[in-house]
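Next up: some structures, all given as structure tokens.
Both of the next two complexes hold subunit A, though its partner changes from subunit B to subunit C.
Right after this comes the complex of A and B.
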């Protein structure tokens, strides 16, 4: 088994282009399980651990989070907690400190697991991912990055380098619904972020990818319980739900209505 | 045959000071579990050994018609049912198993095996074998399996000569019932009852007159699912043949049963089998009786070299499970609250093989009677074959399943009568000198103190507002009959060696033996060493199960210490607890001493999502005299944590008999974040006897939570109490079950 340990983004993208079969390893929390289960096998691996530029985080203006910034850092950083409390809350909701100490921003977006916490909040916050390859760099809204079950709009050889989250102008609320252990992944993941007069509500973990319905959100009357309830019901009815160990499709449809309503009432407070 | 390799293994070489799990608290400074100084079964190796992979059935019932092995390397050894023709069948209570089968009875049944020089080679080889099958109809739910015309999982019923078959079996010919156990209190005995296996809605009960004096009757059905033990360490076995003797190093709670069963399978004398048991990284019942040992021994015989077998996590899930069950309880009381009669029907889904299911059915039967007085009790427990993975010993051993039902029914009765639920219990509790339904007289009964303690923990006020509160009190039996022997030897260096077969599963058996021996010999703990269980070196013990070891071994050790004082260098101690129940009347001695416990819960239910938030989960277990306070508390907490997972989310799911969540992502166990509400107590009394408490706090937890949940109008009958089951229990919403089918 060979480990490549590039030290710069340029190095990484070149190594990727030369070795398309070699998986990128960030925190390894997701890949580690796949390897143990025999679902991923490779002779060569590319580790991002030495790429210090990917661990940078800036918060003057917008929040710029390097792909190797851990969940734990986002959860605990004072500036993030003060200015982007919704982001801090969504990353804090993940698993346990053991996992959050390793898991990274790049990893959670690239694995595109439907049952993750951060994506709904990142979409609700209008976050944009920066993606690099030997062909150059491009910017993709997180909303367009995760397109289905474990699938993204990235090319095989592309690398997420950082994620930019605009400075919020209103309140943000993250609601994780756990139906089993408190360390479990979400059965539903609802993020609501207020931008000026409007709200972006995003529902994750109940279907193949996070869902946002701008036309429904545009009907919002801040602080109005009926409005919140109607939006909740409309979200509940529009999504095509999955059935898994965390809840049936019918249960999820029911709780999405409740959770969206609660999130809307909470951001209006 | 290979030579015995030079190696260090537990039991070989000089005795050592006890340095195992738990040694932290008293004997040593640092927990050796954390410093990786403990050698577990999975760490034991024999130089030159090859590796075994089991090839498992992909169908739940049928016949193997052929194997395609053309892709296997020449050096790979391939074993099938043809290799077991000279071996005897086995099974701890019913001899219904073969080491490799041609007729698989569950998805995961062992049908072949490969042995290769490395673990990786063996894994690759196993994936290259293709299997042809002919499927036959299968049956998965216990109630489906007793329906008229159900497919028979085994064409005929068998018996077992094993020590573990400690009562007569009552197989029901022509059905999937491999054992039927009954309790009949005196006035209900000697009736001419038909031998039919009643279905839940059979209206006709020959014993209905037992309820003649009851003003109010509650009659309800409950269900519990299969669950996984999840020991951190998987099953791991090393086997070798040395001059015609079989030597097995393995993680087992049953070293002497193992020796006997292996000897029987291979046609050897018991002395020609040696079983060595290193520390185990948990077991919870999963490491009882034959698991990976017989197939590994067979492979070592065929390979002519030592062989090692370590199961993958999904195999551990499928190896043995907790019995799914359906329990119907009928409770009758007078208007003033006096209990009159109780009727229990327990349907125990033992899967493809009986294992210890008959014993579990028996315990499920009497634990559901509870610590209460009745004029009449009648119990019918059925141990039922299906095409699911076998059910086996599991912390709580059948008691959890029937106590879930029985203690929920007491609260339902309290509601119906308009009597405070704690007072209703108090009014009917068994006291010192009262007679249990088995005819045995209760001694050292502490139920009232336990009940009061649990009620106080959630601020229960008589006839006060009890919304969100639940209180439960239980009894649970200990393995009876059983035997324990211990030896203490004075070593040339002046220290004392304890030789006992109690296995250290992580519960701190080694520390318990060290402390007790030091106390009885009146020496310091560092004067005592404990040798690991090795059937060549330690005397007989029934097994390390049913929370019996501290209670039984403490007395055997005391006896050995007395004997040593008389004889100088070697002291031998022996105790037995006699008893057992008649399978047709349930009369006799169910348990030579009773595990007694209580629990309470205080919680909220989110009425829109069904999510339960616990503010207090409390349990109190009667310990009599505590030997190691820290260890006892850990046992109590561990039991509660298991009870919590059982109550709220643990459930194995199957689709067409195939387990769909055999991993720790799809199957959740309680985590550190789930246990913040837990408080507990280990109850001691001056001059009390030593009581086991390894499981006492498992069974009361689910009904304590269930009773509290029910105060909000959510009458949940099926475990676990997932949020959607909670909502469905009140709103009647029929959410489909999560993926897969309910095994019901």
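Right after this comes the complex of A and C.
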């Protein structure tokens, strides 16, 4: 077996273009489970562990997060906690410190696992992913990146290099509903971020991908409980829910209405 | 694949493929049985090791990812480690199976200043399960060691 250790983004995308079957390993927390369970096998692997340019983070204007920045770093960074508290909260909600010490920004988006915490907050925050390949670089809103269960709109030779989160102009709230234990994945993941006079509400972990309904959000009257309740009910009714160990579809339909309402009341405070 | 790992301050040569997890390499090739395999999905914390001082789940860490990092297992802590002594004084265990993971997680929390309140300690140990249910004693032991 071959464990490729490229040291630059150019190296990575060239290596991947020549070996499209070789999995790219970032933090390895999700791939590690799949490999251990025999769900992923490969003769060649491409590890990002030596690509130092992917570990950069800047917060002078917008927040620019390299693909290899860990959840733990986002959770603990003073500037992120102060200016992007919703982002810090969503990454802090993931699993345990052990996982957050390894799991990365690029990994959580490329995996597109429906039961992750960060995607709903990143979509609500209007985050944009920068994606590189031998053909060049392009930018894709996270909203258009995750398109279904473990599916993204990326081509197989592409690599997420960084994610840019605009500087917020209003409050942000992340609500994670756990139904089993502290380190569990969310049964529902609701993010609400105020942008000027409008709000972006995004619901994740209850269906194949995060859901945002701009037409419903446009009805919002800040601080009005009836408005928050109506938006919650509309979100609850529009999503096609899954059943899993964390909750039935019927249960999720109910809690999404409640969680959206509470998130909207919290951002209006 | 031949890998050189830095374990508890010494360089160790092992033969490990990417599908070999660090905990198995440490147990089967290096002979360190402090890290244990239980859930196999990074949930329970018995496989905890420190990688450059930060706790990680050894059961889902592909062994090559540990190259170039300093790996610390419970065997690598000094004999007079304050966290170990505090667990002992507080009788913070019954069967002891989860304790290496608890101690290493606590070591990191204390070193980084994340064990300043009971709430913070509870949250920090949230991913380490003790099926004997010794949580109260464990929290007291960490609280005492942090002082």
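One rule holds for everything that comes next: the second predicted complex is superposed on the first by the 269 of 269 C-alpha atoms of A that agree within 3 Å, B and C clash if a C-alpha of one lies under 4 Å from a C-alpha of the other, contacts with A are read in each partner's own complex, and residues count from 1 in each chain.
Just so it is clear, contacts are C-beta pairs under 8 Å (C-beta built on N, C-alpha and C of every residue); 3 or more make two chains touch, one makes a residue touch a chain.
Computed from a predicted model, the values in this text were never measured in an experiment.
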Partner chain(s) touched by A:33 [first = subunit B, second = subunit C, both, neither]: both
Partner chain in contact with A:258 - subunit B first, subunit C second, else both or neither: first
Contacts of A:41 with subunit B and subunit C, given as first, second, both or neither: second
Touched partner set for A:183, first subunit B, second subunit C, both or neither: both
Which superposed partner A:269 touches (first subunit B, second subunit C, both, neither): neither
Touching partner for A:250 - first (subunit B), second (subunit C), both, neither: first
Footprint overlap on subunit A, where subunit B in one structure and subunit C in the other make contact: 33, 37, 96, 181-183
Partner subunit C, residues of subunit A touching it in the complex: 1, 3, 25, 28-29, 31-33, 35-37, 41-42, 45, 47, 49, 72, 95-99, 101-102, 181-183
Residues of subunit C touching subunit A in the complex: 1, 17-19, 21, 40-43, 45, 48, 51, 54-57, 59-62, 64-65, 67-68, 105, 108, 123-124, 126-128
In the complex, subunit B residues that touch subunit A: 608-609, 611, 645, 648-649, 653, 661, 663, 665-674, 722-724, 727, 733-739
Touching residues on subunit A, where the partner in the complex is subunit B: 33, 37, 96, 177-185, 243-251, 254-255, 258-259
